[in-house]
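In this document, chain identifiers A, B and C correspond to the written order of the chains, with residue numbering beginning at 1 in each.
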């Protein structure tokens, strides 16, 4: 099997191109730079959050498509499917945790002790 | 291998050529699955960060806006993306079996990764030296843990790159070496993608609040 | 940075000293004597029969998925026994320590276990049963059967597969070591926070628990990756998605769950670890720590984990019910859809484990409703099994009996689960024995499925069936015991008995506690029949057919019994959903390949077992804070992995003549037979 199998001819080796990687770098860097620029513009919080989220999301998508080279070809389809199945879990893990704890915190009586730092220490 | 049943119809029952599966695809797919698990690891850290990024959990200590350096973070983002680019260009040389090109790409990625870790390390060290180390409050615990988890991934990637630099020279482009080079590219890209999430969530959003 | 510890610490031995050995505790000393004696007998027997080399070459260093599966199952059964003994001790303590006038023995005020020891026992019971009994049994059956059912030579990553096994074993080894060196956690198998933190729990027990848990979760994650990649990439030609047996579908869903949840608990445990070692404040009381965050992360893992174990059980029923009803499975597509729905819904219901946290009515309402939704796909599955049996020619062989009692237990456990899913009801019985009885019914479904699976596939692996008569006696005594133990717990829970009590305040509950204890006695009777079943079957070894039960439908029954180590001499071409049933219908089930081609197989390697041993050392050193040893063993693992990556071994080739010889004399290829050394191929560089 090993004698006639040339790993360098594998589609995952052959699929990368200089142009695509440079485009990926430029797109990601520009989008993240743009998000940073937005942070210096004293926008209202929600407006800034939406802008930064949109730009960062675009940066992530550009990395997935260009750096990771995800597409629907035979070689890559199952990676895409796996990611597609996992994305709801990312959202659920973070989203439901945040929801549960924001609701919990809004119902928890803040005690003075919580904000104090005078508890005994364990450190050496 | 065809055979026929008692009625005489030809049936395909055995397939002697089926063993020729594609080991590199299985390998990168398995590694991709690992990366999804790793992404969930980061997810739970982000969820913890979201919960603990609260004055109650800062215990009188600083919150995100006081402990980050957003411009440094931007430089780090550029450096890490450049590092990924260097490694990816290295794998383009793999297409025609150019060992020197691959090694050059890895070397550049390594140096840029080291620069990233240097900036990150000095920033975190300075923070800890001010008395705002990870033991100061629950918030700082999760802040350090998130950044150090990313840093540990990078350290692991750098160790892997060092091994691959040697393997490309010693073993040449065998099936295993090529599979590892492809997986390392996925890994190095993955940690950069996670850094983009960290930069968005901690540096940009956290800094704005 | 480093947290100070109570008591002495030396750079060489960390916290370890002679005082850590509990030689003053008669229970532990006698347990140690039994374990040591068993160990000496096993090693002595291996030496006497000259089998040590065989065990090392053919088992400990193997990468064969079937041998790994068998070793997983052995680990699971041994740990099941230990977990059962813990359970028996707990029930006996509750029986004895009932009411203020109850006597005390062995230094306890009531009963025979002081609270601190009792707490360690229930922690060990939960930890062992979940991670080192149920999980290895599920993983073992999956390893054994999935590659056979999809017509693969092996798993996608045989070396990773062995590593998963040995990491799980290293976790189990840590649990066993904790019995005799130091102590185990007393903070429950879920890890109560902030009680597990350093100020309230300064001993090494929590560290043992944490590292055993951590190592076995890494092993399980690797196994999940391996299974998914195997199912996606290694199916035989013609095995389209909707031709896969339902057991493979359930393995796929279960491992998707496994892959996605274990990282979350790794994070939760790591946070606890750095709290304990470095003094951070994730879950501490004070400094802004939030211990409910731990509970949240733990159950993000913990609830899907239930389905991680339950879905393979459903898959096993879906294999066994059609075989013993002599009918195709009813509603195949809905079975697949139901597996995915259970997996998906199972992921979004975790907060029903802590309704009482106080996150508010909207969230409790959501989690209640979502929990109830799980009943729908589960119901679909239950009805599909019933419709499969409807008008089938049912044979009441032992696996079928287990599957049927599994359905009954699923009904009891499922309906009480529906009660618990209503948050208002849950507030009343939260943390009571009612909950304990509910989830034991559910885990007994898993237990029944695993016994069914082991009995069902035993002949495929070893070439002879388990003894039917004793198997059925084992079944009936086990079922009776289970009902006797757990049905009273429902009533005790309603009567207000909370879980984890080392002392029960009300002597009026004595009759129910006696019934429960009677069940424990019955379990010992069933254990006797289990032993007798093994003894009689191993003594007689009546050879079984390739299709051992006569009505098998899926691919694994097509190859020889016992299964050759290369699975299929020639990879089968798949033509239908139930390939063997299809071949039987065409009258070609006996047609063998006419010629053979060489098979390429991976060589055995000692690296996984070395990694497992080093991981045990690492966990032990971290537990006792022997820093030099922790660093050394961690570095050693990294170095071993790097050295192995320079190995050019490409596996070996089994020649066509060898295959022809073994096909004619199947015992030569059995996984128990010792194989001659075959020269390895070297990997070459591409040009």
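Throughout what follows, a residue touches a chain if its C-beta (ideal position, glycine included) is under 8 Å from a C-beta of that chain, and two chains touch if they have at least 3 such contacts.
Given the structure is predicted, the values throughout are model-derived calculations rather than measurements.
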Chain pair with the higher count of C-beta pairs in contact (A-C, A-B): A-B
From chain A, the most remote chain by mean C-alpha position: C
Chain A and chain C: spacing of chain centres that average the CA atoms, whole Å: 33
Centroid distance [mean C-alpha coordinates] between chain B and chain A, Å: 12
Multi-chain contact residues (two or more partners), chain A: 1-2, 5, 7-8, 78, 82, 86, 89, 93, 97, 101, 114, 117, 123
For chain B, residues that touch 2 or more chains besides their own: 19, 22, 25, 29, 33, 36, 40, 43-44, 47-48, 51, 56, 59, 61, 97, 135, 137, 173-175, 178
Chain C residues counted as touching two or more neighbouring chains: 1, 228, 232-233, 260, 264, 279, 286-288, 290, 293, 296-297, 300, 600, 683-684, 686-687
Residues on chain B engaged by chain C in the complex (per definition of touch): 1, 3, 5-6, 11-16, 18-19, 21-22, 25-27, 29-30, 33-34, 36-38, 40-41, 43-45, 47-48, 51-52, 56-59, 61, 97, 133-139, 141-142, 144-145, 159, 163, 167, 170-176, 178, 180
In the complex with chain C, residue positions of chain A that touch it: 1-3, 5-8, 78, 82, 85-86, 89, 92-93, 96-97, 99-101, 103-104, 106-108, 113-114, 117, 119, 121-124
Contact set on chain C toward chain B in their complex: 1, 151, 153, 156-157, 160, 221, 224-226, 228-229, 232-234, 236-238, 259-264, 266-268, 270-271, 274-275, 278-282, 284, 286-290, 293, 296-297, 300, 570-573, 575, 583, 586-588, 591, 593-597, 599-600, 638, 642, 645-646, 648, 683-687
Chain A contact footprint on chain C (complex, rising order): 1-4, 198-199, 228, 232-233, 256, 260, 264, 279, 286-288, 290, 292-293, 296-297, 300, 347-348, 351, 357-360, 362-363, 600, 650, 681, 683-684, 686-687
Contact footprint of chain B on chain A as seen in their complex: 1-2, 5, 7-8, 10, 12-14, 16-18, 21-22, 24-25, 28-29, 32-33, 35-36, 39, 45, 48-49, 52-53, 56, 59-60, 63-64, 67-68, 75, 78-79, 82-83, 86, 89-90, 93-94, 97-98, 101, 105, 110, 114-117, 123
